[in-house]
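In the two complexes that follow, chain A is the common piece, with chain B as its partner first and chain C second.
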Partner chain A sequence: MVGLRSLDLKSLRRSIDFYIAVICFGFLVVSPLIYNNFFYINALHTASVLMLAGVAWVIMGGYTGLISFGHAAFFGLGAYTLALTYNWGVLPWLGLVLGGCVAALFAAAVSYPLLRLKGRWFSLATLAMAEALKLYFNNWDFVGGSRGIELFRKEYGLEWIYFASPIYYNYVAYAVLIASLIVLNMIVKSRFGYYTQAIRESEETAMAVGINTFRYKQLAMVVSGFFTGIAGALYTIRFRFIDPFAVMDFAQSLQIIVISVAGGIFTLVGPIIGALIITPIAEYVRAVLGGTYGAKFFGIHMLIYGVILLALVLYSPGGLHDVILKLKEGRKRE
Partner chain B sequence: MSNEIVNSPILRVENIVKRFGGLVALNNVSFEVREGEFLGIIGPNGAGKTTLFNVITGFLKPEQGRIVFKGVDITKWPVYKRSRMGIARTFQIMKPLENLTVMDNVVTAALPRSNSVREAIERAERSLDLVKLLNKKDLLARNLNSTEKRRLEIARALAGEPVLLLLDEALAGQSPSEIDETLALLRSIHKSTKITIIMVEHVMRAIMRIAERIIVLNYGKIIATGTPEEVARDPKVIEAYLGSSKVEVSM
Partner chain C sequence: MELSLIVQSLLEGVLNGSVYTLVALGLGLIWGVTELVNFAHGDFLMLSAFVAYFLHYYVGLDPIESIPICFAINFLIGFIVQRFLLNRIIEAHLLAQTFSTFALALIIRNSFYVSLGPDVKSISNPLATMAVDVMGIRLSTAKIIATAIAVSLTIALYLFLQKTYIGTAIRAVSQNRVAAQLMGVNTKQTYCLSTGIAVGLAGVAGALIASYYYIFPEIGPSFTTLAFVAVVLGGIGSIQGAAVGALLVGLLQSIGALLFVPAIKDVVVFLAFIAFLTIRPRGLFGD
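Coming up: the complex of A and B.
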C-alpha cells in the first residue's frame, strides 16, 4: 500500500489536478444555467470568492508551512481599497488590482515582526494582527468607522461592474479566479514553489542548500496577501456594502481556512474542491435551519463545518483532494 | 602543518572558540584545507566535530576566530550565502524533505546555484545517477530506507556542484558492505569532480582508508594531525579513544 501510494504520485497528481479544476469550473459555469435560483447563484459567488482567498491562503499555509489565522486582514484591506477607490471614481478593474497591492504591501510590512515568530506563535500573532486591524478600522472615520462604506455609484455595465442580474457577478468572479489561478500555477511551478516547499519540510535543509528562507517566507506572505486582497475586492463589488465586522472578522479567516483544509492544502485545486462542496451546504443549512438569531437551530452551519472538518482531519488529512487521489488509485489497482 | 601545503588553502579555520554556556565546545581550533584535499576529522563523542561543521557552514556563530573561504572572511555570513558560494553539507541527523519526491529534493538543492529550473533538473539527474538513486526519483523521500536517505543527502549536497563538501557521519548506520559501496562512491566523486571533501566520521576503519589527512579532536581541541598511519600511532589519540596510554593498540 505504501509503495503503491508513492508510485508515480507526482505525475498522477499533476494530470488529476488539471481535470479536477476543469470539472469544478464547468460546474460553476453550467449549473446556474440549469438551476437558475437567486439563492443558489449567490452561494456559488460566495464560494468562488472563498476559492480565491483559499488558494492564496494555501500558498502560505500549504506550500510554505506558515499557518495564518489572520487572512481577514488582507481580505478586508482589499475590500476597503476597492470600496474607497470606487467611490473616488477609479474603475473597479483597477480597484481589484489596487486592493491586492494594498494587501500585499501590508503583508510585506507585517512580515518583519511576524516572521520572527515560529509555528503556533506565528499563527497566534496573525490572529492578533487581524483583530487589531479590524478594531482600528472600526474607529477610523476616514473609512466610515463602524458604519462601513457603501458603493454609491450606480452605473450599470461591465465597466463599473454593476449588474441587475446576479449571475454576471459570478462570471466576473470566475474570470478573476481563473486568471489568478493561471498566475499562481506559474508561480508554484517556478523556483518559488520549490523553495517554499523546502522551507515547509525543513528550514535547516533549505538554508543549507542556499535558500534565503526569510526572503522566501516574506515573498509567500506578499503573494498570499495580494490574492487574498483581490478576493476581498471581489466580495465588495458584489455586495456593495462593507463594514469591519463583515470583511475583517475572524469568522472570515476561519471560513478561508475551513474550505482550504477541507479541500486539501498541498495543492492549488484543494480550496476549489473545498469551497465548491462546503459553501453551498453551509449556506443552505444556514438559510433553512438556523440563519437568524433566535432561530431554532441558530448557528447550526458552524456545527456542520465542524463535523465535516473533524471527519476529514481524522480520515484524510490531505483533504478531499486526497480522497479523490485514493479513489483513483484504488480503481487503478483493480 | 604549513609545510604540507602544496595547493593554496581553500578553507582556513582560524582560532575558533565556541562555547555553550560553561562548556567550551571548540577551544582555539585552527587548521587549513587545501583545494582538492580529502580531509578526515575524527574524535570521541562530544569532541566538537559537528559543532565545527556548524561553525563552518554558519549554523552556529563562534565567539572568537575567523572562517576564511576562498580568501574571503565569511565568519559573519548567513548559512544560505555560504552555501551559494559553494559550501555544501550533509546532516548527521538526516533532514530530507520528506513529503517531496527524491527528484524534487535534489532539484531544490540544485536550484540556488542554477540559472533555471531546467538546468537544476539536469544537475539533479546527474547527481542522482552518481549515487545510484535515479531509479527511485519519483518516490517520496520519506519512503526511502535509511541507507538510501544517506545517499539522498549526498546527492543533495552534490547537486549544486559545490567547491567544498562537508560530510557529517555519512556512513552511520550502514552495514560493512554498504560502507564499502559508499566509500567507493565518495572516492570516485572526489576523483572525477576534484571537489574538496571534509568528512567527520565515527567509523575509524573506514575513514583511515579514504582520507589523505586526518585531524583528531578531543574536548574541543586538536590533539593530532597527520596521515592516517601517523595519527593511528599517536599515543595521545590512542589515549583519547581508549582512555589509557598503557593499552597496546594496533590499527
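Coming up: the complex of A and C.
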C-alpha cells in the first residue's frame, strides 16, 4: 500500500496551519466590512458553511481514507432537523446541536453496512445512500415532501438567529465554525486522530498493532456526520427555506468535496483555503453565466468544478495547502 | 391485487434488468481488469442516448439501427479515455483513482447541460407505443427488442472472453497483472481494449434506452448507481454475478413500485442492498 503523503513536513505544517487559519479568518471577518455588497456577503456565508462541512469531510476523507460522496445526506439531515425543531419552538442554538446529533446517529446506523465495502466501492455506496435518502424525503409528507419546509417564526434577535442585515448571519456562522475547528483540532491531535491516520496508511498494519479498525472508522463517520449536520443547520438558519433538492442533492456533496480537495484534504485548514478561493468564484460564475433552469449556460459551475477536480488530482493531489508548503520549504532552502 | 398485474410488473422488472445487465457488465469488466470504478459509466450511456437521438432527428435512423454506430463511438471514447487519462493514474493512490473518473463524469454531464440545456427529449417512433398483448399482460415491444439484444450481447461477451485470444488476455490481466505481463500480454493495450468494450456496451444500452425512455443529461448517475448495486449484489469481479445482480435490481424496482409509490422504487433497491450487504458482503458469486 502506497502511503498517501510523506510525513517529513509535519512539524512545519503544524505552525504554518495556524497562521493560514488566522489569515483566512481575518479575511472572512474584515472583508465584508470593507466591501459591503449583498452578493459578496452571501457568497462568504456559503463559503463558511462549506468550510465547516469540508472540515468534517476531511475527518473521513483525509484523516481516515474513507472518501464519501454522500455528505449531502448528513448535511440535509442537519438542515431538516433544524427546520422542524425551529418551527416546533426549539431555540435554533439547540437546533444546531440537535441537527448534528441526528446526522451523527444516521452516520452510526449506516456505517454498519457501508463499512463492509472498501475503497472506491465504499464511495459509490455513500453516493447511493444519499440519493436514496433524498428520494425518500422528497416523498415523505411529514417533512413537507417536495414542497420543502419554511421557517415561519419571525422573531428578530440573536436568540432566534433572525436578522434584518445579512452580515450578522456571517458572524454567527464564523463563531460556530471556529468553535467546531477548536473541537476538531483537539480530536485530530488525540489518539483517535493518530489511529485513523494509521488506518488510512495501511488498514492491515493498523489491525496488526491492535487497533479496532472498524470502531475507529465508525467513530470517524460519526464525528464527520455530526459536524456536517451542524453545517446543514447553519445553511437552513440563513436561507430559511429548504427542500430535498436544495440540501440533499448530489451537488451539495460535490461542493464539499471540491473545496476540500482544492485546499488539501490532509489538514483541517485545507477546506478553509479551498472554500475561501473557490466558492466566491463559483457563485459568481453561476450568477453571471449559469442562473436557474432555462438559462443559457445551465450547469457551467458544475463543469468548472469537474475541470478543477481533474486538474488537481492529476497535478497536485495535496491541494493548495501542499503548494503553500512547497513554496515555504523552497524559500527556506535558498 | 390482481395476479396479472403482479406478473406484468415482474416481467417489466426482468426486461428493465436485462438492459441494466449491459451497464453492470461494463462496470464490472473495467473494475476486474483495471481495478478502477468508472463513475462516468452512466454518463457514457447518456452520451450515447443523445447520439441515438440526434441520429434519429437528423438522419432518421431508428435507435435500434443506430446501435452499431453508438457502440463504435463509445468504444473509441472509452479507448481514448483509458489511453490518455486512466492509464496515467492506474498506479496512483486511491484519491486520484476515485476522483479522476468522477471528475470525468461531471465534465461529460455538464458539457451536455451547458450546450443543450436541461430539457427532456424523447424519440417518437412507432416502436415506442407498440405493445405485445398476451392474456391481459401488455409489454412494450421496444423493451422486448432491447431485452433480446441485451441477452444476445451478454452471451456474445461471455463467448468473446472465453474463446478469443484478446478475451483470454483480458481474463489473464484481471487475474494477475504481473504474471500476464510476463507471459507477453500487452497490459496497457488490454486496459484500453477492455475499457473500450465496457464503455461500448454502455453505449448499446444508451441506444436501447433512447427508444423508450426520456433523454436528458441527468439520466447517467442513476444508471451508474443501479449498475453498482448490481455488481456488488452479484459479487465484485464476476461476470455472471453482474448479470444476475442486474436482473435482481430490475425485479426489486418492480416490487418497490408495486408495493409503494413508483417514485421511491430506488429507495427499495437500496434498502434491500443494505440488508443484503449485512448478511453477505461478498455478493452472490463473490469468492
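Just so it is clear, the second predicted complex is superposed on the first by the 324 of 334 C-alpha atoms of A that agree within 3 Å, B and C clash if a C-alpha of one lies under 4 Å from a C-alpha of the other, contacts with A are read in each partner's own complex, and residues count from 1 in each chain.
Heads up, the rule we're going with is that contacts are C-beta pairs under 8 Å (C-beta built on N, C-alpha and C of every residue); 3 or more make two chains touch, one makes a residue touch a chain.
Note that the coordinates shown come from a computational prediction; the quantities given were computed from them, not determined experimentally.
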Contacts of A:N37 with chain B and chain C, given as first, second, both or neither: neither
Partner chain(s) touched by A:T205 [first = chain B, second = chain C, both, neither]: first
First, second, both or neither for A:E131, with chain B first and chain C second: second
First (chain B), second (chain C), both or neither touched by A:Y195: first
First (chain B), second (chain C), both or neither touched by A:S165: neither
Chain B versus chain C, judged by how many residues of chain A each one touches: C
Doubly contacted residues of chain A, that is, touched by chain B and again by chain C: 2
Of chain A, residues touching chain B in the complex: 2-3, 6-11, 189-191, 194-195, 197-198, 201-202, 204-213, 266
Residues of chain A defined as touching chain C within the complex: 2, 4, 65, 67, 69, 110, 112-113, 116-117, 119-121, 123-125, 127-129, 131-132, 135-136, 138-139, 250, 254, 257, 261, 265, 293-294, 297-300, 302-303, 305-307, 309-310, 312-314, 317
Residues of chain B defined as touching chain A within the complex: 57, 59, 78-81, 83-84, 88-89, 91, 95-101, 104, 107-109, 111-113, 117, 138-140, 143, 156, 159-160
Residue ranges of chain C touching chain A (in the complex, touch as defined): 36-37, 39, 88-89, 92-100, 102-107, 109-111, 113-114, 117-118, 217, 221-222, 224-225, 228-229, 232, 236, 261, 263-264, 266-267, 270-271, 273-275, 277-278, 281
